[in-house]
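The letters A, B and C name the chains in turn, as written, and every chain counts its residues from 1.
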Amino acid sequence: MSTLLGRLTPWIAGAAALIALPHVFTSGFALTLMSQIGLLIVFALAYNMLLGQGGMLSFGHAVYFGLAGYFTIHYLNFIYEEQVPYIPVTLIPLLGGLVGLFFGILIGYVSTRRAGTTFAMISLGFGEMVTALTLVLVAIFNGEDGIQTDRVLGEELFGITYGPNIEVYYLIAGWCLVCTLAMFLLTRTPFGRISNAVRDNPERVEFIGYSSQRIRWLAFSLSSFFAGIAGALHAVNIEHVGFEQVSVIQSGLVLFMVYIGGAATFVGPIIGATLLYFLQSTLTGVTEAWVLYLGVLFVGVIMFFPGGLAGLISMHQPIWRARARLLAPLLVPYSRFLAALIVCVLGCIGLIEMLYFRSSRLSTETELVIYGVESDPFSAGPWLIFAAAAGLGAFAIRKTYPGAVSAWNTAIADARARPLG
Amino acid sequence: MSSALTLAGLRKSFGAAEIIRGVDLAVEDGERHAIIGPNGAGKSTLYNLISGRFPPSAGRIHLYDTDITGKKAFDINRLGLTRSFQVTNIFARLSVLDNVRCGCLYALGHRYAWWKLVGRLQDVNEQTASILRDIGLWEKRELPAGLLSYADQRALELGIAIAGGANVILLDEPTAGMSHSEVEQAVSLIRRISEGKTLVIVEHDMGVVFDLADRISVLVYGEIIATGTPGEIRASTAVQEAYLGTGAS
Amino acid sequence: MESIIFAMFNGVLYGMLLFLLASGLTLIFSMMGVLNFAHASFFMLGAYFAYQISEGLNFWAALFVAPVIVGLVGAGVERWGLRPVHRYGHVAELLFTFGVAYVIEELVQMIWGRVPVPYEIPELMSGALFTWQGFDYSIYRVFMLVVSVVIFVALFALLTYTRIGLIIRAAVSDPVHVATLGHDIPRIFMWTFGFGCALAGVAGVVGGNVLGTEPAMAIQLGPIVFVVIVIGGLGSLGGALVAALIIGVVTRLAIFYDYGLGSLFLSLGLEIDTAGLLRDFTRITTAQVAPVLPYLMLVLMLIFKPRGLFGTRDV
């Protein structure tokens, strides 16, 4: 019984947090932000059914997100015109999921015949094709403008109208919780395990009775289903869908979220979606270079921390499980490395901001303020300071990185040497 | 016909090179059959043909009365034939337990199920646990398979192959690279798991071969030059010349 | 008839440009197993460098110097970026180059701004070389064709008659064996990557002033180049050439002969409601669907011949 309680704890805590959040962060901005993060979590987890669980790298998964979004908007509009049966907004995401599933089954059949890099190219091809079609089929997609709707259909259960944003937040939170639980349970089914096996070694799977192609197709279809739910939630939340939602921009964003968060773990995509969307919506107003930072962060994660943020945490799990005290010797080498990293990053940010400021010559009147200090990008001083920080930081990173790695190696070896608890 | 596996006029070419050059072989139901031969004779290629990794260029393969020539690997496996690999071929990031578990899921009828939880499948759990104990990896079941030692990975390779309980088992050098004591353990394990089943084993260790096999076939340059009991093979001058002789030089 | 020749000329030209890109991509893929997502970004760099150099010096300097710089940048990216990622496998490498494409696009915007730069056809070649049946064949377009054919021939000769070509061809047909040839593989990888990028750079130099030099040019052309190599068969240079020419000619013809699809549907006996959501199917013309055509071909190819035209390798 206690194990059941132990297993349920994270879910109860998660539900409680979702309920409490709007009472802690009450601003309108925070509410929209949290709603959007909620549906992006669903999208990111769906994407990770492909990348992390099934070993399929897709550059076009926004297709299922976006098409479900378009469909949802049209359906809501049709409900107004009384051309289609009424469905309460609460259940509309399910409809979006079915749309995603439909296209997932269809397109997945063709694309999952191949794996690896070919699969990735094909997914890109389909992504580009659908994006190009949004500009051709104007009646359905309305080109660059996209289509819109009004999500308020009238009163539903308990007098909910989805007029106020808070009600939409709870709609998204509810679906987010249900979908997260469903996708978590999926990882523990025969399908989920074999999907992992296909990721690790697609050839061997064929000799234990499974068609790896069939598994990929199934994973692809189920993933598209959840992506469709996320897309419908997006449509309800924003009341607008445009070609950006099906395009490679959106597909790339979800890839970044999942990879930076950590594709090898279940929580990675949740962390990634939360962090990246938070950064995106707060930083786009502050700096022009947000996409550059995102790209550099992504490249950095691939090169140095391929497990992503969650991977960094789970790397330490065996140590912490074996004996928490084993973590202590890591503290000093880690802090050294972190300090070096921070100095280097701050220096680079300074340089990049000044470069951007100089190249976008529109803003000659305004002053460039970096870290609260006015920095004149047309004098040598700030350049020297930031360049020095970046250079010294980079040098210090090279010096401290081996120390951090060897500290971890020692700790993990100690932890492994202890017998299973 | 009481043959478990029948190969008739089997041929395989890669480009211009013919690697399997007309193999005829009948493995009786319930026997332990060893295939020996020098490096590059085509033993692994023969396995690849039988198990459906690639189709033969000519000839037919029967599993009992079913013609399995050119069928997909998973179809052949579903008909009750399993194999292990010479180069360890496991699921590196899955736990040891999950490796074996994946091996028995299809055979126990759970197929592609996405509506039931693996932890709750009593039949799978029992079979997995018994195989893990058999191959001596029960204690290490939580480790990712990629972190196992070489010998443990070889044991796991065997475990995945036999997990589904297939009737015809093809093992490709299961003891390669093992120490003497490990070989002994492996042999007794193979003896146990092949009880009441049909076993085909490729092996370089002659001790293991003569210890285990009911019959032996000698494959040289893609042709079977002799088939017989261990005594007959030991006595055969053709084998001496073509194989044991070259092996000694 | 005259017009079809003119349209074909433009199609072949576009196809050869695609092939310049696809050949570098194929070389890199054959040697290293890496699908370089940033390939079109190096094409873009070629165009921008050429613009910068022709501002300072002239087009001819740009033609020779810009590809070299692009190649060096590519080699640097391989040496300090891709090489450490190699041990995580091909998918990680693909992801890495995807990230690099983002970074390059942003860097280009940072340095040259978000609007197109005025990289223009050199004055000397801006006129028409000849006029035939009422169509102007401009000097520059003929020059582009000559450059790409020369490079194609040079590449072919390099692969057929030189030692390095022998190694490359060995790698194309059997990637495992090169490692056993005992060459310094990391160095070969670095220069292969650099060379492939330089080829993309050449395409950028000669194509940038016709197609327009702007930060979006990479993202527009990149996916089509991938379609080319998948249709041609991954790792096949000949396949890439054929696929590039087919795609070039088909898309240009579709734009040139702007047929409406409505009459086509009608002749097939399909009645489409002219007010409903599907009404666009009666209105769109081949010119509008031209951007979709390469992807349509990709899908058809995958259904009927999953390995591509000349592909031998399963990926």
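In the analysis below, a residue touches a chain if its C-beta (ideal position, glycine included) is under 8 Å from a C-beta of that chain, and two chains touch if they have at least 3 such contacts.
Everything quoted here is computed from the prediction, not taken from an experiment.
Undergrad: In terms of CA centres, which chain lies closest to the overall middle?
TA: Measuring from the global C-alpha mean, the nearest chain centre belongs to A.
Undergrad: Of every pair of chains, which is linked by the largest number of C-beta contacts?
TA: A-C
Undergrad: Would you kindly tell me how far, in whole Å, the mean C-alpha position of chain C lies from that of chain A?
TA: 31
Undergrad: Averaged over CA atoms, how far is the centre of chain A from the centre of chain B? Could you give it in whole Å?
TA: 43
Undergrad: Just curious, how far off is chain C from chain B if you go by their C-alpha centres, in Å?
TA: Distance between chain centres: 47 Å.
Undergrad: Hunt down the residues of chain B that sit against at least two other chains at once, touch-wise.
TA: There are none in chain B.
Undergrad: Help me check something: in the complex, which residues belonging to chain B touch chain A?
TA: 51-52, 72-74, 77-78, 82-83, 85, 89-94, 98, 101-103, 105-107, 110-119, 121, 139, 142, 160-161, 163-164
Undergrad: What does chain A use to touch chain C in their complex?
TA: Residues in contact with chain C: 55, 57, 59, 74, 110-111, 113-118, 120-122, 124-126, 128-129, 132-133, 135-140, 248, 252, 255, 259, 289, 291-292, 294-296, 298-299, 302-303, 306, 352, 355-356, 359-360.
Undergrad: Under the stated contact criterion, what part of chain A meets chain B in this complex?
TA: 185-186, 188-194, 196-197, 199-201, 203-211, 214-215, 218, 222, 264, 420
Undergrad: Sort out for me which residues of chain C touch chain A in the complex.
TA: 35, 81, 84-85, 88, 90-92, 94-96, 98-100, 102-103, 106-107, 109-114, 219, 223, 226-227, 229-230, 234, 276-281, 284, 288-289, 291-292, 294-296, 298-299, 302-303, 306, 315
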